[in-house]
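Below is the structure I would like to discuss, written out as structure tokens.
Naming follows writing order (A, B, C and D), and every chain is counted from residue 1.
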């Protein structure tokens, strides 16, 4: 019988292996699955390729994962924020690889990965350094660049409510990359603020249907990552 | 100030010109915007290219539009049903052109049209007659066929509720092609069972954000197309 | 099952039972129109299966009771259906992302012909008088990892439907995993046909006679011992 | 406006007002981080504008009042914002479908440089010590029909930001429609720069001096009479 609920964040991230590609939801702090990321810090898988819009802030969440030297490469659109220190330092020292992707192309490449589309053409980045080395092709008199799907072994996603089938709804702009990342991973791992009974989520309002979700853990009071950053917290907790 | 509501179906379909490409929502009868189609029959635009999953049933809705000789070409996945008579007869007589597209490719080509993606690769139809003449390309050891976006001048879509900004929600499996067709037309025309005040649709549950919608007309008791077909009705009404 | 032995081969019900037996607990399943729809009735107790219908519903329930049909709640065959608690509605592009993206575990389809390499022909007779219609069949065979075919072993006029090479237009090449007929259950692997099981009263020789391509015993399948 | 004449050029507020004046009623608008955000405060009365923020909200309202910030309701600059009645949330792929698909009418961006052909450089200084970061800028310029740039006319050290050819890495080629600086409003058309308006006290000659590419009077623009 179908029950995707697991009891702890540690159980949720079990099996993430060295060298895995891991997608992490969130736009900055909004939607970042802090508790799952911290469980992954504890779990110690290394040499990870991380796909995420940003590269972490302060010394918690994704920044902590990077600081713990578990990430060898990051695919993202905006690794620089006023409060990011870990990634910039390691990047300047050549200790982490960066693939910079325009934000919309990143989202579309992830969706394509989930939708069985291996590659598509997009007008974004044509004639810029980010299109260098890529195939450019003309359709109806305009140039487009060929972009390839991104798939992951695991996705770590934060949502608002889930049921045991894995149906998800999100909260406001914390939705961001969650739905497409759920689609694109072999194993999608979700932290939900609340787990509800089947049928409590209106089937018209389900954002991520359960077919895209494999493990769910309830984290009823998730940390506000921006607060942790402001308080200069570090993970493992200082 | 923004108010996309118009007063009648006739007003909603005003300006659809001869030779236009028109997308029509619906999967069979579910989600078919019967009242808008009938307004288009009255409006008499001809030489239309219609994009729709099916080719109409009986002598109402899309079948009536075809029977009225307003459609010169149809792009669809399944023009044959047990109760379709108009299209098959005209097709056999060579009076209407058919572009047959696998259902998922049709949906994805329409989404691509709305999303600014001119073309994409898909595994669907490789090594079949429907891939003939199309570019085939290998990614990671598997063959894919290149498919192009479809855009429309107009989309006719049925939904459940709308507000004056054009935010839409649908009803059950009547959703089907509506959301992607809203995205892919220069002018998207919607019939809603109910028009509600701004804010009455939960912003977390909006399926089609208003940006994709241009005209809305309230049709509070839309005909059940399958009933009309069963009753052997004809439009213009017999 | 004993009753079926009175005539050669399995009944339609038994064929559907055979398919249902191979659908694992927790599977996401898409059932084609017609004979495949019967499978839902025979899932063994203790297993939970979630049905996908490509027109935008995951968690499709039973056919709607007479009098409570909703014209806006239909399946891919345009039958009035219901939705289970925990269902979700979505649009067509999302629905086919599930299919094309490999998220549906199993689909069950009918067939005009299946070749020994697993090619499937089930959408067009190739007759120019027929109206061509493809629906979601090509997407399903391209995207779903396990494609099960349920079909009579032979046509009404006695011709083999399992053939060396299809002469009907293809739905997909090398896509079928397993074939369930009234006479046998046949696996397609490495471009060969392996007989897993035969209906009571069917012999390997009579099965070979009614099959348009060479069949093999399952024991000859590479790695068979390890897998069973 | 009269006060501004005391020093040469428009204030930041006036620059934002100039942009706001050109945003039509009913427009869907995306405002870049920083100076562009100011524009929202100056939309003329009687016009309704809907703001898109690429992190998944259409119908973005004002910045959140102190004390009622929601960490899960932010704009692209990660500021705490609000949502208006009639707003909609969606995921990133849908959000950039709006951008790439040409559905957003106008975006307002900052710039390091703009060329006379409308090339925009606003994402990278090209300095290898800087961490490269692009965000949604390239998607916006590729997808939005009207790209407005708001920028100081010159850098702090007095160098022209409007140039013959950008030497910073490009965000997009031939994408800028109109440039709003403290000195002038300049249209880019047919790879030429046409001055629509100059700030009080600015002369065409002084403007040309502070611009790294040839500028033209709006009257010289092809079809100008018909369009105005």
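The rule is simple: a residue touches a chain if its C-beta (ideal position, glycine included) is under 8 Å from a C-beta of that chain, and two chains touch if they have at least 3 such contacts.
If you're wondering where the values come from, they're calculated on a predicted model, not measured in any experiment.
Two chain pairs, B-D and B-C, are compared here, and B-C has more C-beta pairs in contact (counted per touch definition above). Here the spacing of subunit A and subunit B, counted between their Cα centres, is 34 Å.
Inter-chain spacing, taken between the CA centroids of subunit A and subunit D, is 30 Å.
Multi-chain contact residues, meaning those touching two or more other chains, occur in subunit C at positions 83, 89-90, 93, 96, 99-100, 142-143. Each of the following residues of subunit A touches two or more other chains: 108, 111, 115-117, 122-123, 170-172, 204, 207. Of all possible chain pairs, those that touch are A-B, A-C, A-D, B-C, B-D. Partner subunit B is touched in their complex by these residues of subunit C: 53-57, 70-75, 78, 83, 89-93, 95-96, 99-100, 124, 129-139, 142-143, 169-173.
Touching subunit D in their complex are the following residues of subunit B: 1-2, 111, 113-117, 163-165, 167, 183, 197-199, 203-204, 206, 209-212.
Within the complex formed with subunit D, the subunit A residues making contact are 27-31, 53, 77-81, 87-88, 91-92, 98, 100-108, 110-111, 122-130, 170-180, 207, 224-227. Per the touch definition, subunit D reaches subunit B in the complex via residues 25-26, 28, 46-48, 50, 52, 58-59, 83-90, 93-94, 96-104, 142-143.
Residue ranges on subunit A touching subunit B, taken from their complex, read 108, 112, 115-123, 139-140, 142, 144, 148, 169-172, 202, 204-205, 207.
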